[in-house]
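Several structures are given next for inspection.
Shared between the two complexes below is subunit A, which has subunit B as its partner in the first and subunit C in the second.
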Partner chain A sequence: MRSNTQHMTNGCNGRATSGAPEVGVHHHKHEYECQGVTNGHVRHSSPPPAPVTPNGQSCVGRRHVHVNEEVPFHIILICYLSYVVLILFGYMRDLMRKTGLERNTNAVERDREGYVQLYQSFESFYTRNIYRRIRDAWNMPIASVPGARITIIDRLTPDYNNTFSYPGTKTEAINMGSYNYLGFAENTGPIIENVNNTIDQYIVGVGTTRHELGTTEAISQLETLTARYLGVESSVVFGMGFGTNATNIHTIVGKGCLVLSDELNHASLILGCRLSRATVRTFRHNDMRDLERKLREQLVLGQPRTHREWKKVIIIVEGIYSMEGSIIDLPELIRIKKKYKCYVYLDEAHSIGAIGPHGRGVCDYYGCDPNDIDILMGTFTKSFGAAGGYLAGKKSLIDHIRVHSYGDAYACAMAPLVATQISSVMTTLMGEDGTNQGQQRIKQLARNTRYFRRKLNQLGFILYGNDDSPVVPLMLYFLPKIPAVIRMAYKEGIGFIGAGFPATSLTTGRVRFCISASHTREMLDKSIEFMDEIGDKLEIKYSARRRSKSEIIY
Partner chain B sequence: MCCRGGRRAMGVVLVWGMMLGGTPAQVNPNSLWLNSRGMWLSYACGVLVLHLALLSFPFLSVATVWTLTNVIHNLVMFVFLHVLKGTPWESGDQGKVRKLTHWEQIDDGIQFTSTRKFLTVVPIILFFLTSFYTKYDSFHFVVNFIALLLVLLPKLPQFHCVRLFGINKY
Partner chain C sequence: MDLKWELKEMFDSLVSAPKYHLALEGCLVMCVLWLIFHKSYRPEASKLTEKEKEELINEWTPEPLVPDTPADHYALNPRIVTSKLGKRIVIDGTDCLNLSTHNYLGFVENDKCIESAIKGLRKYGVGSCGPRGFYGTVDIHLELESRLAQFMGVEEAVLYSYGFSAISSAIPAYSKVGDVIFVDEGVNFAIQQGLIASRSKIKFFKHNDVEDLHRLLLEQADLDRKNPKKAKVTRRFLVVEGLYINYGDICPLPQLLELKKKYKVRMFIDDTCALGVLGANGRGVVEHFGVSVNDIDMICATLENAMAAYGGFCCGTSFIVDHQRLSGLGYCFSASLPPLQAAVALTSLETIEKDNSVIETLRQNCQTMHSFLENIPSVKVFGEPISPVKHLRFSNSTNDYKHETKKLEAVVDYAQERGYALTVARYLEESEHLLPEPSIRLIVNALLSDEEMRQSAQLITQSFESVLSLY
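Up next, the complex of A and B:
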């Protein structure tokens, strides 16, 4: 405890000695910026003005540790019962199919007498008896750009989802399923004009790696712009967001290093860690106390078998988790990182552009210094309407990554067109294109998010995740209710995503809305009205918390 | 390969045929779903429902009903935990768990977790209750004891990934 306070005062040039905060009080402003100087590092760019929410409240150092509401036990019991019924019926139908009472539409191997079977029938039990019966609620083909409205091609199924036929009609639905946070997923507008104008200047695609000829002027400009946008020294971009994680984690950790990753981290992070051959330990989702406990335990134990000290300890977390909607508790994480002298890798795939008063991600949202995070990672797929990912941090680190990354050495470089799109969007967001469209979109997204979440909470639904996150998972708990909601919504002209076991845990089936800045109030109201109606019909308003009856103003 | 202690398996999950929303982190959901919230109480409720269903037959005595509950519970547990192998879906680890029974997959092979302890203790408690309600009759005792052995022996860590006489190997 004592050493930590001294650490703080040293970093602040001894100026904050008299008012040095206790370690426990970690939501205090002074801990992160002390007259612009933190821990001896000077911020590369000038800090943005004091962050303020659209309502005018200061959000520096604001922490809102959200606890997801738990549903009463009898719901869980009935949920397990629903699985028992599904499994029993599955076995019964399998028996009927085997004995010929029911027509067997599954693929059968022919002319394979004496051969061992290629596939066990047990392996496809889930697909055959559960997924196939409800699969019309997933993987719907679309016929438009996934903006605020999306055109879905209708499908009919005469035989319970075994086959689909296409009548040729289309449904235009409100798109609440695509990651389109700032509404840049459009094919008209000044940004697309910009991109069209540069087709003649830059080639369409490079077809080669960064190390050969793939580093075009558009990409270099994008990298400088990204670094400036995030407030760090340097950045490098890659053509694929998943690939950024998978091909670069090995450059910073290896054998003998410890990686502490959140239990709900994305598959790309897990693949990257696995490829690096570092030791990986998981901690409970968004639980900083569990992280600290596991960190202390691992630091004491050391490397497996030899018990030597770890070469490096790195904590890998995400800014916003796409299935939970929770926002990482960043100030607490930075406190832990500084106390135990480890590194932090922050994957801002869903939070860059989506939260923060200037749209610069989780660091902006909490008012933390982005230089405190050792590696900032993010993708351009969600808020920027493009594709690709970036890594940002100190210049020496990024230079090292540029040389050693598999992505730069073997993968195709980002197309110059895509880089131009992203640069245009970033310029808009920073307000440097002369309009205030960027700031307007960010404010609109925050306003939409708050309105939608508060309205749904008031109606009595259980929503997971932080109140400010534009990812809104609405809990249904029961597997069969998910396709019911999606099908009814499809008829009404609203589209969103459902997720159940095995993508989530057994009893936490959910439906997820992704709010966009391009959603108008009418669209949100239509969705809310629909959820209200169907909530009463299907009895999915599980919340038992007290809720206010006051009118929610947009 | 399956039986080298409890190394946590991680990897990319095949997306086809699974409910999407985001690729899950755990490669084999079979290892974790028994740790879900409310599982212990639901399990006890399930056994209770079975017992009440058997009690509703008027021609069965109390002792027979208890023995039947114990035997049916142990048989069902044996089939689902120790006979059925693999997963009812295509797992994302390229078939590593295809030859493992569900018991061997729980918590990715780590022994003595709370789920395993719970599943070991429940048949024992059921055996005690059954012995009491059958008034320690010798015939019932033999039947119940054999059923208990059937379901306890495969749970020993020494029997992890062991297949006796090659039964149920592939």
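Up next, the complex of A and C:
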């Protein structure tokens, strides 16, 4: 099983230690407990917003602290056993379908006799016999803005999820599944008015690339603003977040370059690396020791076969991992990067807007200088309630990307109305719209996050990730428990999402909550209450750590 | 007793054994000993000491992150657009007639499309805040998917949030290491990226050359005969574009289909430029040639051109297309299409379904424009007469890529000063599989009047001639 045991360098930060006596159940020798669940009365002290200190020490304040609790071995064993049962039943039913005992409802290919089979057998076996039976827990269609509440369209299935029909009814639910961290997924308000005006000015379609005629004023203004927001020299924006990674990594690395990539990096980063043709080595998730070890090893070894030295080494990490909830150990990463003269590519898809006292991502959270990161990447899909992504950094870098990017040269330019949504949100976050809306939302999100995580922790669930991370994965381990929890939550009017194999490893199935600034205390309490109830019913309160009984204050 | 007897017998036989036998056994024993104890020649294993490693690490100096970029590159000095990109367009303050964006049907300015965009905005907001699996599926996505499938006459369509990512995600979802893809060498860049991502064996045939494709297929058949075991698991694909964006010509679909069926290759078509353009109802190259859509394994297209929205889709039988919902990277791992953009696409689709006369108007405009352009002596025009995408080059063009591009840029500038928006077709020179010759990519749309086209042709003549006189 995958466990990300982190090695702290500097102990806990001030805010988490005050209630320390009851923590520290030792599962591992090197495990330092600094869970924020210790005491509800511990208040959050905002970190110093210091970018650079005079002596060149750029990161001050927080240290990276979190340890994922491991689950007892027998759970893992039973978990594997459950797969054995699932697979046995799968084979049995395949046999029944073959012999005609069961009606075959799977799509079959017609008019293609003699063609080579399109799909490999195990992959389709898993989809057909395991995923199909639980797939109603995903892809639920909604009929509203993905705000704090959503309207889910009910689906019926007459044939065990082979097909769905829509009876026309809808379920109102609390939305804990969308990446709407700051609650900017809205359909009313001043930002929407701005967007409406943009539609009047530019309409929707563009039909051209940035290299041809796609640079509208709205986009060039957004690029200036993004750079200012992030505190770097320059930035470039793209119409698709996924594409920002997939179509740009090749501009900075190529043959003869080494990419050190976190093993749990997002698919877009992996695709981008593949398209770049650089050599890729992975290191253990968020494990800076492993990174340093691999880095040293590679610097000594050089390129494969020829042993020439590497042209450059780029470390690619994410700010917050969307399936793990972990926050990257940035201070340590910056130390390594400086020591070994590597470059860092930081994907802030989930962290931009979502953490840091000013909502400026992990640099802001740790109080690091954003200029220490060579390539800042992020998306506008999540906290900004829009679409697209950015790359930011030194002007020389951004100029180079502009010239060589596939996204700029061949993909449709970002829609002006999307650019307006993003600009308006950014202005709000910077407080330049004349209100304190932005600050309020950032604070609210942090508050909601801490409350929700502490509560669930106290109830005895195993949560992955950092205490400040608004991404809250709750571990279920067993694949079949995921749809069970989600179906029951759906009945109660709570919507969140699950992830199992192949999105995670076989034995680390989980459900995930995404906290939003727009969640009210009632919404959080309702979800917590529900989880408490179902946690007992399904026996998913796996944590063996001792809990504080004291009340947690919102 | 027994043991003693045996030992004695052994000793006796040893003594009585012939000399040569003993010598042979002795040799064998020596050989075994040598095999066990000999040291093969191993050069001193290059074990580095910690100090040496430290030195190596300290000595290493990486290349700079990026090389310098010439400040006069066109990407760094973009023309700024301050208006809608409709029939007319304001570039750097100059109001121009737009002959350069892919607004074939003029739907960018369609009132109904704008209305549905605003309606969508008021209902769904802007972003979808999640991938399709995680509450990113909005009712309007499902509606658009089923309407697209209906329109194309297929079982199912899957919607991507970006045109570029549709075909480039679809290809690697099916074709893996060890598979073979036959592909026209003139395909667009999104397809090329899909090919690279698939890591399959890529076999390019000459642009629109059926004979060359036949040759490659025969070669493959030969290989298959030699290794039938491997052939049984090697999937074969044929990837072409319906209407080539880089050339303005149409693929010879009926001939390709014949080969496809004969050699049992699966066929993917990227109909990016042909959707809403070719065929009486705008169903693309399949309708243009009147072939059965069932013969094509998958058709992909973007909604960013004729449909005046954003996004792309792949369609075909459920057996094939549904696979992408778990395996299409750009589908699974990307936030879904902003719902309001799906609303715009849906309205565009409804508009041509209700009334296909605009497609006919476009076709006539394309032909009219083509005949005007063909009559200009200094210009060579490339592409089919019915194609809205036309490539213009100097009739006396040389092979000097840089020089030709410069001349064409001068033409664009000249035209822009006089109120006509043109653009040089931009490619990444170092990344294209086969870099097309430099050209001006002229786009015809359905809103142009005959008079406007005549004037445009005149202006293009003027621009080309004035540039010719300078160079």
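What we mean here is this: the second predicted complex is superposed on the first by the 475 of 554 C-alpha atoms of A that agree within 3 Å, B and C clash if a C-alpha of one lies under 4 Å from a C-alpha of the other, contacts with A are read in each partner's own complex, and residues count from 1 in each chain.
Everything below uses one rule, namely that a residue touches a chain if its C-beta (ideal position, glycine included) is under 8 Å from a C-beta of that chain, and two chains touch if they have at least 3 such contacts.
All figures in this text were calculated on a predicted structure; none of them were measured in a lab.
> Contact-wise, after the overlay, does A:470 reach subunit B, subunit C, both or neither (first, second, both, neither)?
So A:470 meets neither subunit B nor subunit C here.
> Please work out whether A:183 is in contact with subunit B alone, subunit C alone, both, or neither, and reply first, second, both or neither.
Neither partner.
> In the three-chain superposition, say which chain, subunit B or subunit C, touches more residues of subunit A.
More residues of subunit A are touched by C.
> Applying the document's definition of touch, where does A:415 land relative to subunit B and subunit C: first, second, both, or neither?
In the superposition, A:415 contacts subunit C only.
> Give one of first, second, both or neither to describe whether A:356 is in contact with subunit B, with subunit C, with both, or with none.
Neither partner.
> Please indicate which partner A:280 is in contact with in the superposed arrangement: first for subunit B, second for subunit C, both, or neither.
The first partner, subunit B, only.
> Determine, under the contact definition given at the top, whether A:252 touches first (subunit B), second (subunit C), both, or neither.
Touch status of A:252: second partner only.
> With both complexes superposed on chain A, which partner does A:138 reach: first (subunit B), second (subunit C), both or neither?
Both partners, subunit B and subunit C.
> Tell me the contact category for A:325 with respect to subunit B and subunit C: first, second, both or neither.
neither
> Can A:505 be said to touch subunit B (first), subunit C (second), both, or neither?
Once the two structures are laid over each other on A, A:505 reaches subunit B alone.
> Using the superposition on chain A as set up above, list the residues of subunit A that contact both subunit B and subunit C.
Shared contact residues on subunit A: 127, 131, 138-139, 266-267, 271, 274, 497.
> In the complex formed with subunit A, which residues of subunit B make contact?
8, 10-13, 17-25, 29, 32-33, 36-39, 41-42, 45-46, 84-90, 98
> Provide the residue numbers of subunit A that touch subunit B in the complex, in ascending order.
70, 73, 76-77, 80, 84, 120, 122-127, 131, 138-139, 263-267, 270-271, 273-274, 280, 282, 322-323, 482, 497-507, 510, 512
> Inside the complex, what are the residues of subunit C that reach subunit A?
Checking each residue of subunit C against subunit A gives 48, 53, 56-57, 60-63, 65-69, 71, 73-76, 78-86, 89, 91, 100-103, 107-109, 113-114, 117-118, 121-130, 132-139, 141-142, 161-165, 174, 188-190, 193, 196-197, 199, 231-236, 264, 266, 294, 302, 304-305, 307-310, 317-320, 322-323, 325-326, 329-330, 332-335, 337-338, 340-341, 344, 421, 423-428, 430-431, 441.
> Given the complex with subunit C, which residues does subunit A contribute to the contact?
Against subunit C, the touching part of subunit A is residues 107-112, 114-119, 127, 131, 138-147, 150, 152-153, 175, 177-180, 185-188, 192, 195-196, 199, 201-217, 220, 239-243, 246-247, 250-252, 266-268, 271, 274-275, 296, 299-300, 309-313, 340-343, 374-375, 379-382, 384-387, 394, 396-397, 399-404, 406-412, 415, 417-418, 421, 495, 497.
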